[in-house]
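Chain naming follows the written order as A, B, C and D, and within any one chain the residues start at number 1.
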Amino acid sequence: MASFLKIEPGKIKRYFLSKTRVFEITTDTFFVVFEETVDFKPGQFAMVGTETTLTRKPFTLGLWDGRLAISVKVVGEGSRYIVETDKPIEIIAPLGNPFRPPETKGAVLVAPSCVAEGIHLAETFDADLYICSKTPLNAEFLAMVTAELDRVKCVVGDEAFIRLLDEITEKGYPWIFVSGSKKMEEIAYKRIRSKSKEIEVYLSLNEYMGCGIGACKSCAVETVDGIKHVCTDGPVFRGDAVWTTQ
Amino acid sequence: MELSVPVIIASGPAGFGEYGKLEDFPWQDVGAFTLKTVTFKKKEGNKPPRMYAKDGYVINRIGLENPGIHEFLEVLQAGEFDWLFEKTSVILSLGGDSFEEYVEISKLIKPYANRFKAIEYNFSCPNVKHGGLSIIANKDEWIKLLYEIRTVLDEEFLIAKLGIEGGFVEHQAKIVSEAGWDGVTVINTVRGLMFNDEGEMIVGGLSGPNLLPIALRAVFEVRKMNPELYIIASGGIYTGDDAIKMLKVGADAVSVGSLLFKNEKMISQIANRVREYLGNSN
Amino acid sequence: MELSVPVIIASGPAGFGEYGKLEDFPWQDVGAFTLKTVTFKKKEGNKPPRMYAKDGYVINRIGLENPGIHEFLEVLQAGEFDWLFEKTSVILSLGGDSFEEYVEISKLIKPYANRFKAIEYNFSCPNVKHGGLSIIANKDEWIKLLYEIRTVLDEEFLIAKLGIEGGFVEHQAKIVSEAGWDGVTVINTVRGLMFNDEGEMIVGGLSGPNLLPIALRAVFEVRKMNPELYIIASGGIYTGDDAIKMLKVGADAVSVGSLLFKNEKMISQIANRVREYLGNSN
Amino acid sequence: MASFLKIEPGKIKRYFLSKTRVFEITTDTFFVVFEETVDFKPGQFAMVGTETTLTRKPFTLGLWDGRLAISVKVVGEGSRYIVETDKPIEIIAPLGNPFRPPETKGAVLVAPSCVAEGIHLAETFDADLYICSKTPLNAEFLAMVTAELDRVKCVVGDEAFIRLLDEITEKGYPWIFVSGSKKMEEIAYKRIRSKSKEIEVYLSLNEYMGCGIGACKSCAVETVDGIKHVCTDGPVFRGDAVWTTQ
């Protein structure tokens, strides 16, 4: 009966959030901190409502100074709304499964759009945080993050990213978590795997989501075990589950 | 069909009740919940990407992913949907890949049919190769099928879900009516094609606000030709105003699908307007 | 069909060339002009109100107002359209209320047919009781009609204009192709219903930007099933990007209708993008 | 061959206009004056382009201090755009037939939305101008109009409007021109006609327009002589042509 979801009514809550601060992380990407916090575990996400789009938009949750934070890359109407609006933002959360690494002290590799999640994971699992950006990070923002968390490194550009991948592969981390664009995750997984078969690589997958709660089946991904759904089976998957299909 | 309020959740976007995980899903304003279409055989659905939304449309090509009737019946018997039956009336949506599968699934469901307020047959999903919309391509066989199902399920409230393609929806509805069925749901998604921002082509079914004028017209035409049918309106309903328009052109009930992706709380606004309107117009 | 640029003005919105009264109509970017559908008998059209536009749709219920073929031929012979023939290629659009009228009008036009780049038959206008979309309701008769017209106009470039209703558009196109016709225009307006701000119901055909994903899909399906047909894409084309998408899914030419109500100058942008794309992709 | 339009290429021009002043006439209705003027005759209109609507919008043309002026009642997206935008406005003009009264010195009755046209007609034909409004007119605006033109009277409210109709019917004008909402024109025509069969009543008709130039046949109205088109047969019609059909 595995293909039916066990439905436990009442698990997911609705929140109305007010933004307190919006930092620029880099071109087009912002760090949004809210007044409130919500109940969630590392790796989980929220569906964020907007006035301008037909669907709510998935964003991974993070914490900053004990408050809820998300990073938002502006790619369309919804992400723009979230960064720009002054109105309260309605979300439903927590969604998806928490990320549970096999042990602590791994490496967390994130694009600027996933920095909020990255900080939270690094803190929770005592891991090293690598921020991988195409464009330079806002220096003030970086200083702020470094003040909060040692073990942060930032690399800029594609070449530096590839070098970093080789470096961390050699460092002997038990696991590496990667969260960013599909492209970035694919490159990271394949590069790391080509040099080492031991390291457990985890990816936070991106698919267009209708519901975020397992109803609509829009967020399908192909895995070695057949179709899985990012919102209920993920969002974090083991790299081998995804890429060996290709 | 008597409902606490004639506001129905459409088959598909809301799956098998997963929105019930929300602490505050507005069940009190849902007259009936239509389950995602269950087909005879289990379906994995189509390859990703499966959805995109822009400019007033949602496009999807899920492809009727579902566990199939056998697993569905197991789960039903195991009581896993009992919570849903407690919340609201439930409509079952059925499908299949062929004439035989549609008949077979009808026989299989027969012993459980009394648990459902109505049984809806999906003759209009555009995202599957066999069954769905393609079943009506052979009109004579489709007519035979309607009679066959009516014979198997002789006491149930039978609803055919129709789209605007493959024929004139009002003529299709007449055929459904003549076969002794009780109602129709009009419309389903309309076949569409969109390019996402990466330039990938998504070939699927369109839903969302832009369907409203098309669905209004379909309901209007179906009602004109079929005064006797129970009509559930589907397509682009997002507000109380949209719902009232549907009732004005002849719908008996309205259903919401993609709306859930925006915000399920809007159902309450719709239900309140519908109650108000029916209170006034009766 | 060879055109200076495969950008066509659709039948209807631009009438019989009245936009030519504009001092700067972009004729240099128009590959062909399709005249408003001429029917066998004169038509007064429907009662007002006939149009409304909102939220990405234009809705109209003109009802093929036109002076009929006899007056048309008089005017044509009198040379009143000569200025238009000098500006661009002209496509004639024909209609009728019945099988006989469609045949008769074909015979009447035969002596003048060589003046037109192509002759398009309107089998898809949703705003008339007889003819238009309703002509295909009787499929067998419609097929017979296609063969009959092909026999009468045995040398002309014949195009059938099809909508998405009353059947599967790709199957309809196959029928057209099998009857020896040269091309199809897909799609026409889609049947819709809107309420204007005064609450009046307007029951007509939908055009405008919201049609684009529906028309893209129709062209895609028609092309897949009919590699041999010349396809003119119609529906929701407003920008160069829209036009390129149409070419990508299989159109040979694009046509613009409601766009003219917004601004005829946008035709130039479309034509330039199309030229650029074809230059690159050839 | 009357049902085909004789097409004279090149008669209609395109203009890009800049607003110089926007006065409030009354609630929701504005008087918009442009830098430029265009070639037109009294009673003719323009199709005015907007960025926000699918169709251009018809507005009757007027003059103010030698510059083009239109009055705009905000009823939807298009009219709002015209009043609010700071960008140049693209129009095509002149459209429709000029209004030609049988003689001068008639009466011109207009709603605030047609004041620009009204002033122009009154000046051209030495007529009396009556502005009939549901809500009080902006005093400054009214003073401005009165300074420009004597023979202006303004009535406010439905009752005053009916009294005015009776008054002017008795005054023995050879003709009365009415321009406003369908409702207002119908009331005016029927009231005047019920008291006098002599006065020639002219109405400027409103229908939704697609093209404004005779192509699309959307602007049909039913008249005693069958279907006519506001954009090419009008916009001004003799009242008897329209209302005796009912």
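Please note the rule applied: a residue touches a chain if its C-beta (ideal position, glycine included) is under 8 Å from a C-beta of that chain, and two chains touch if they have at least 3 such contacts.
Remember, predicted model here, so these are calculated numbers, not experimental data.
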item	value
Touching chain A and also chain C, the following chains	B
Label of the chain whose CA centroid is most distant from the centroid of chain C	A
Euclidean distance of C-alpha centroids - chain B vs chain C, Å	34
Centre-of-Cα separation between chain D and chain B, whole angstrom	50
Rounded Å distance between chain A and chain B, as computed from the means of their C-alpha atoms	35
Residues of chain D whose C-beta touches two or more other chains	none
Overlap residues in chain B, where contacts from two or more other chains coincide	56-57, 209
Touch-based graph of the chains, sorted into line, ring, star, complete or other	line
Chain-chain contacts as defined at top	A-B, B-C, C-D
List of chain C residues in touch with chain D within their complex	12-24, 36, 42, 44-53, 56-58, 60, 62, 65-67, 71-72, 74-75, 78, 80, 83-84, 196-197, 208-209, 258, 260-263
Chain A - residues contacting chain B, complex	1, 3-14, 49, 53-56, 75-76, 90, 92, 207-211, 213-222, 226-227
Residue numbers on chain B that touch chain C, as the complex places them	55-57, 59, 137, 164-169, 171, 190-195, 201, 203, 206, 209-210, 213-214, 216-218, 220-221, 245, 248-249
